[in-house]
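To keep things simple, chains are lettered A, B, C and D as they appear, and every chain counts its residues starting from 1.
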Amino acid sequence: MSKASSNTGFGTRARANGARLVNKDGSFNVHKTGRKFAERFNLYHWFLNMSWPKFVLVIFTGYVIINFVFACLYMAAGFESLQGTVMRTPVQKFLSAMYFSAQTFTTVGYGRVNPVGHASNIIAGCEALIGLMGFAIMTGLIYGRFSRPRAKVMFSASAIFAPYREITGLMFRMANGRDSQMSDVSVTVIVAMNEEKDGKTIKRFYPLKLEIDKIFFFATTWTVVHPILDDSPLKGLKEADLEDRDIEILVQVSGYDDTFAQIVNDRTSYKWHEIEWNVKFKPIFTTNNQGEPMVKLEELSKTYQV
Amino acid sequence: MSKASSNTGFGTRARANGARLVNKDGSFNVHKTGRKFAERFNLYHWFLNMSWPKFVLVIFTGYVIINFVFACLYMAAGFESLQGTVMRTPVQKFLSAMYFSAQTFTTVGYGRVNPVGHASNIIAGCEALIGLMGFAIMTGLIYGRFSRPRAKVMFSASAIFAPYREITGLMFRMANGRDSQMSDVSVTVIVAMNEEKDGKTIKRFYPLKLEIDKIFFFATTWTVVHPILDDSPLKGLKEADLEDRDIEILVQVSGYDDTFAQIVNDRTSYKWHEIEWNVKFKPIFTTNNQGEPMVKLEELSKTYQV
Amino acid sequence: MSKASSNTGFGTRARANGARLVNKDGSFNVHKTGRKFAERFNLYHWFLNMSWPKFVLVIFTGYVIINFVFACLYMAAGFESLQGTVMRTPVQKFLSAMYFSAQTFTTVGYGRVNPVGHASNIIAGCEALIGLMGFAIMTGLIYGRFSRPRAKVMFSASAIFAPYREITGLMFRMANGRDSQMSDVSVTVIVAMNEEKDGKTIKRFYPLKLEIDKIFFFATTWTVVHPILDDSPLKGLKEADLEDRDIEILVQVSGYDDTFAQIVNDRTSYKWHEIEWNVKFKPIFTTNNQGEPMVKLEELSKTYQV
Amino acid sequence: MSKASSNTGFGTRARANGARLVNKDGSFNVHKTGRKFAERFNLYHWFLNMSWPKFVLVIFTGYVIINFVFACLYMAAGFESLQGTVMRTPVQKFLSAMYFSAQTFTTVGYGRVNPVGHASNIIAGCEALIGLMGFAIMTGLIYGRFSRPRAKVMFSASAIFAPYREITGLMFRMANGRDSQMSDVSVTVIVAMNEEKDGKTIKRFYPLKLEIDKIFFFATTWTVVHPILDDSPLKGLKEADLEDRDIEILVQVSGYDDTFAQIVNDRTSYKWHEIEWNVKFKPIFTTNNQGEPMVKLEELSKTYQV
């Protein structure tokens, strides 16, 4: 039996209740309380992590709200200080002020409607600056979204126990989901399992020794193999034990991405019900019509009975 | 007794006068003289490190000053070369020139007021370009503020001497204050203490051996432990010795942050009066109603008497 | 015979059909199927990797299309709601709407033509915002193109088998094609060759031991040398064997670039027909008229018969 | 005698003519020929490395040229297609077209002067887009200039041979010239010296073993010391030998900068005439009035006779 690792960062007190430690998307399934909203919330990260449709919606909504607020300010400064409008009713006047606000905020400034009094000129001057600042922020956010270094490693849906040489191996398969080039890619695999100690159930973590834990080029696919030798913490486990011991396989991949020129990380985990027995991964490496190497990623998770 | 380390970067000549070496925010408490303002001052870092309210204030103030300066230039070029104004008194005319300047600088350009002479056209052309450059700078500054990679490690307010297995350990606790994922986190702890040598008091630095100095995932909290074994520089120290020897515990944390895809650092230090005796950290790792792991960060610094 | 390496990331199943594994530009010659367009396609990387002329063309084309679409919207909202136009025929009116759209999208907003109705004001307000967003995206793309860290290592056109001390060495020569400074540069060389195993042809990979695999400063040129000792996988190979065994030399260079302050990578490969026998590289390191070191990069690939 | 290092990247063929290999600013003193201008020239790096005054001058000059070119285009399209001008003479008309161009390029668009014909509308639409693109480029350049990670290590003007414990040491002193925090700083020192081999003078490189080659915190100053032990390549050298052997001490410093969250490098070199004998560095580490550590950087290079 190999030695338990105490440096996973989850701590041995992690309870034995079946909740996973690492989500399929690689985030840690740990909740934190006790930070104030202002401490916890980071506007930049919030914008960075939202979907594009939501991002556009937030921008448009903010735009409408800002124009509404400034329209109120222009009305308060006196509608007559906006020269050149052709509107008559209060609602029309307010909408007209909103249109003028939009023209100022975006710095279009057609000028048919334009400020003549001191108040409206000052408000407009401030709005134009705020517009530029808002736009500067938007530029930064959009660039941040674009350029954020992120790996997109595709993992097989299941880990498997498969025949490996004379013995058995725990395996999973992965591929680079991007067209960018990754090199010097290494992987760390840790198994989390419940154990009895002094009558209490505690969580133990064991690093799994891998056949290969680093490759030069992540060009095709990589089937990561943990051979179940005598010193493996998985030695002797039966299929039913996986659930009993609430087993979770934690995976971290790290490599250099050419496009970003940075080290990028990705994580996933396989909970006991995502581990299959007595299957093998279907080969997906072949050649195309021109005789060039080709990988069929659609079959990355395909297995067959042995 | 372990060997003193001479590679901390503080030097053995650091005096024994009670001033801390590393501030609580992680900056070095070292003053430097002899650099010219231009060498020392970095506009970008100055803008990067100021608070958001101050940042906005500086931007607005600069905007007003620029408009004031350009209003002077337009007045010098002759007010009549700005066509379309309706102002009469000198003050009104100057304000009108300021409004026009704001419209030009922000590139709103309503156009009711517009330049007709050569001088005013050239000034306006320069101002618009300067406005664009100023805006380019602002965009860069705002993006720099947003995207600057920075760890936000929360440290317990005190380090403690607590029972550890059969012996005593020096401990402190920390957590990732962000919602981002950190991995491959390592910590370095050095103790600075006064010693007598040839009748003079000098400062010595000793690295402290840690039970665990690197963890894979910084998902929950990490209680860093230095077991006080026979070779520990803290071996045999009594509570009163901490002040006598002007002890300071220097801490540096370094890890890979997923959001920034970069290594981020954080530092702190515990001065002798920030070290508690005979207490233990209250457990703060628990599960929430859904049975998922939860950390109560509000109790990160909570201890209890033993 | 040295041990085959199984951690190249290409897998031993790579077929023996003559297609190269790594392209001359350093990308992997591996095709992938099975990802949806949306998974595979990354707008940012697409823009990042296209040539500058194509980039400008795409921007201009997108600009014309957007103006066409918005001109349709303005026409749908009623041409009379655009005040100030002097056009008469339908085509002229449409073109006039396109001009107005361009003035709105770029936020020029001359204002002779300007929106008066609610519909046209709302469309114009949206267009100006979209223009700003489009511009924010363009700014990000252009900065991304500029600032992307990329090595530009120049490799000799051929690798050569040349006399090296008492024996023979496989060599190639490289230089930093940029004026920026690179330091701590390391190189990895792997040979891919076909072998017979159980009657089948499989691809084997062997790392090649280098005379020097890391240099401090990449200031001039670097002739990378693999001495063909007894344990070299190339030992005993004849010129005809290179083609028979479909030999490919895979090269990866990695170093710290001062300008980007990041590690940058470059790769290339030498296929059997890009390997020369019995030649030597012509010396290209000399001094200029001022007696300062000078490298003639135009002769980087120059060899002479021995 | 220690072994010569062949992995400095300068090559043993470097001639013995007194030109330095590394400039005081850290760049390599190596000239390269044979690259085409387009290969060699990188617009981004050119803009990144020029001084701020030159940068502003280039921007303004480009602005004037662009306006001149577009003024020609507007004149070619017919001056009457620019409505609203009040100019009469040809020169005045051309200047008026330049002002209009400036208003379009910066997207100010006052609108008093505005395009009415198809040609002028199309030119103006293109110019506004080009203006936005130019501005996007400028934003990227300015941000690139601001945010470029660069160390600013201050080195003592001379290296010195000074008494060190019982023997002699080669020393130089350095400090972090920025207010930012650097940690995990390491230094590499190599000596380049001429040697006779087979009657020819060749350049040899020897790494120098340092008393300390890495420090945790680069908080104050660091006096780097190479003790001249029996295996030192400098052992037995007399003052006159430094010039005879054309000695140059190459220095590279590398460390993690908190502000940039990246590894930054700096280099310098000491040529034989920049090495002093029998002096010591004056202590510059002291405490200020509040008893806090203080470093007098103005005396970084100060030495005194021994």
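In this section, a residue touches a chain if its C-beta (ideal position, glycine included) is under 8 Å from a C-beta of that chain, and two chains touch if they have at least 3 such contacts.
Everything quoted here is computed from the prediction, not taken from an experiment.
Colleague: Touching subunit A and subunit B alike: which chains?
Modeller: Intersection of subunit A and subunit B contact lists gives C, D.
Colleague: Work out the mean Cα position per chain and let me know which chain is farthest from subunit B.
Modeller: C
Colleague: For subunit B versus subunit D, what separation do you get between their C-alpha means, in angstrom?
Modeller: Distance between chain centres: 26 Å.
Colleague: List the centre-to-centre spacing of subunit A and subunit D in whole Å, with centres computed as mean CA coordinates.
Modeller: The answer is 37 Å.
Colleague: Two or more other chains in contact with one residue: find those residues in subunit C.
Modeller: Subunit C, residues with two or more chain partners: 103, 107-111, 135, 139, 143, 262.
Colleague: Across the complex, what residues on subunit C touch subunit B?
Modeller: It comes out as residues 107, 109-111, 139.
Colleague: Considering only the defined contacts, which subunit C positions touch subunit D in the complex?
Modeller: Contact set of subunit C toward subunit D: 56, 59-60, 63, 67, 86, 95, 99, 102-103, 106-112, 135, 138-139, 142-143, 146-147, 175, 177-181, 183-185, 212, 214-222, 256, 258-259, 261-262, 283, 285, 287-288, 290-300.
Colleague: Using the touch rule from the top, collect the residues of subunit C that touch subunit A in their complex.
Modeller: For subunit C paired with subunit A, touching residues are 6-11, 13-15, 17-19, 21-22, 26-35, 39-40, 42-45, 48, 83-84, 103-104, 107-111, 114-116, 118, 121-122, 124-125, 128-129, 131-133, 135-137, 139-141, 143-144, 148-150, 188, 190, 250, 252, 254, 260, 262-265, 267.
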